[in-house]
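Each in structure tokens, the structures are laid out below.
Two complexes are shown next, each including chain A; its partner changes from chain B in the first to chain C in the second.
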Partner chain A sequence: MNHQTHAFHMVNPSPWPLTGALSALLITSGLTMWFHFNSMTLMLLGLLACIMTMYQWWRDIVREGTYQGHHTPTVQKGLRYGMVLFIISEVFFFAGFFWAFYHSSLAPTPELGGYWPPAGINPLNPTEVPLLNTAILLASGVSITWAHHSLMEGHRKHVIQSLLTTIILGIYFTLLQASEYFEAPFTISDGIYGSTFFVATGFHGLHVIIGSTFLTVCLIRQLLFHFTSKHHFGFEAAAWYWHFVDVVWLFLYVSIYWWGS
Partner chain B sequence: MLGVEAQKPPKGKWTTAPFDPRFPNQNQTRNCYQNFLDYHRCVKAMNRRGKSAQPCEYYFREYRSLCPISWVQRWNQQIQDGTFAGKI
Partner chain C sequence: MSLAERGGDSSCRPPRTRMRPLLVSQALIRSFSSSARHHFQNRVAEKQKLFQESNDIPVHLKGGTTDQLLYRLTMALTLGGTVYSLYCLGWASFPHKK
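And then the complex of A and B:
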């Protein structure tokens, strides 16, 4: 009978890296078709392929870890490294947009009137909806910590309640931010102010949606009894990601909404 | 030689723009723009108080020597059209 004499997981051959790469090709070329030739078909095909890849790839990881027991402590350590490195790469991603914002706002050009916010821009009041959004994300950070402790203590009902609270707060944030986007007196094409504002907050909003989705998957897995009090890395990864999203918002709020007004 | 007279500099004291420690670096855009703004603000303030705008001459000469003429023309046109972005 064959058995491995090491703690690592030699993954079975999988088609999902290939379909993921193909979806990337379709999305990028699809963007070109959309921008220049007025057709969304290729891009939608690519997005569909991407979503299917993500669903099936992560489903397989859950099968390998939870159902087949391949996630030894050593394997889990590798997954932790992976998640940490990914989040670090996301930090650098946002650092670029903050650099762009500060580059333009610390030395406003004569075209803007030499001051920030530029001529003609009425920024959003930071003490209104943006402050509420800050409170929402901070509260969601508290609720997810509650969820984690409940999970470690084996308190199933509390895990479900607190995880649900976190997700609802995330959705509330998204809805409020969407309404702000709709009601804002300036658009993305309103000079460098519009560009820096909407690209930075827009990517943040996308990350909130991604984080909320990740948390929802965790909720479903919790309902299906996947997590134990000792082994629940999927949840921890989601929690790390959620805290990262919260921290990015705090930087956005202080820099763009508050100082930038 | 088009006449010796024409090649002599015009009479009067001509100095270049002095060093302004507010703008120590190579890029002097802000120096030009700030003096342009200051001249117009000075003129506006003096006119509001009914005084002569003579002291504002300094800013005028500063921005005239520092700024590219095309910028000055563009900004003056914007002021006329009411589209100038600066606060004067």
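And then the complex of A and C:
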């Protein structure tokens, strides 16, 4: 058996970067086939391949860390850097949509009536469901912190309860937001208001779904005894991501729902 | 090489050398508990043994035959899909009577 004389992780050759890249090709070319030629086959093929790639790639990381012991403190530091940098890139992603919103809303054009919200738009009441959604996400921030402390203190049952609470709150948010989308008196094609509203809140909603999925994976891993009180970076990464999602919502609420009404 | 050195035994200690990767998490073993109410038992040690077996199988196939199946299916979908996307490109590049 080979022994390494360094603390880093030299991964086994893996097919997932290739299948991931090819699935991205299939999704993008599939979008073209869908938009222009009304055919969904290529896109669905791409989405399926993408999901399978993600499942197997992350499954392999769990194997490498939890089962093979490759995640030394040095390796974990690298993983932390990686997650932080990824979240920073997501911040920039949302910054673009906030830029677009403020660009259009701070100087409304004559075509909009010269004011914001534009003529003909009835914005959603920020003190109704949007405020409830704010409370839900803030509460989920509390429950995930409870989960983390329980994990560090070794209270298995509390981790499961608080993590489950967080996930349920995330699902509740998603359902409420879906209902708001359905009931809203304006659509994405209602000028720049509709575009900025639905693109910004829509991408946020997608990130809530991604975050909820990440948390669910953590719940499963907790049930399977993967986490220890000292080593649970997967959970921490999910918690960081969840707090990021919460903060983005706060900006959305204040900017688009509240100031923008 | 002894089973303990390879980390296959759940009671082995981590190597003293700072440079060696930790083969078995001691804290994980200490946190073992089975709860009949939740029907979950700590089977991590078994997984650790399976994935630390010295058989030169890469991690994405080391779990068994399901791994092979999933890998082949994923590869087939992506490679087949790539060929299909090139066919679509060829088709879309020419006008077609409505």
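Heads up, the rule we're going with is that the second predicted complex is superposed on the first by the 260 of 261 C-alpha atoms of A that agree within 3 Å, B and C clash if a C-alpha of one lies under 4 Å from a C-alpha of the other, contacts with A are read in each partner's own complex, and residues count from 1 in each chain.
Definition applied: a residue touches a chain if its C-beta (ideal position, glycine included) is under 8 Å from a C-beta of that chain, and two chains touch if they have at least 3 such contacts.
Owing to the predicted nature of the structure, the values given are computational and were not obtained by experimental measurement.
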| item | value |
| --- | --- |
| Superposed partners chain B and chain C on chain A - clash or fit | fit |
| Chain B versus chain C as contact partner of A:T19, first or second or both or neither | second |
| Chain B versus chain C as contact partner of A:P118, first or second or both or neither | first |
| Partner chain in contact with A:L223 - chain B first, chain C second, else both or neither | second |
| Superposition-derived comparison: chain B or chain C, residues of chain A touched | C |
| Touching partner for A:A178 - first (chain B), second (chain C), both, neither | neither |
| First (chain B), second (chain C), both or neither touched by A:I210 | neither |
| First (chain B), second (chain C), both or neither touched by A:L48 | second |
| Superposition-derived angle with apex at the Cα centre of chain A and sides reaching chain B and chain C, degrees in steps of 10 | 150 |
| Which superposed partner A:M152 touches (first chain B, second chain C, both, neither) | neither |
| Where chain B and chain C come nearest after superposition, their Cα distance in Å | 38 |
| Sites on chain A touched by chain C in the complex | 1, 3-7, 9, 11-16, 18-19, 22-23, 25-26, 29-30, 32-33, 36-37, 39, 41-42, 45-46, 48-49, 52-53, 56, 60, 63-64, 66-70, 72, 154, 156, 223-226, 228-231 |
| Chain A-touching residues of chain C, taken from the complex the two chains share | 1, 6-7, 18-25, 27-28, 31-33, 35, 38, 40, 42-44, 47-48, 50-52, 54, 58-60, 62-63, 70-71, 73-75, 77-82, 84-85, 88-89, 92 |
| Contact set on chain A toward chain B in their complex | 107, 109-115, 118-120 |
| Sites on chain B touched by chain A in the complex | 29-30, 33-34, 37, 71, 75, 85-87 |
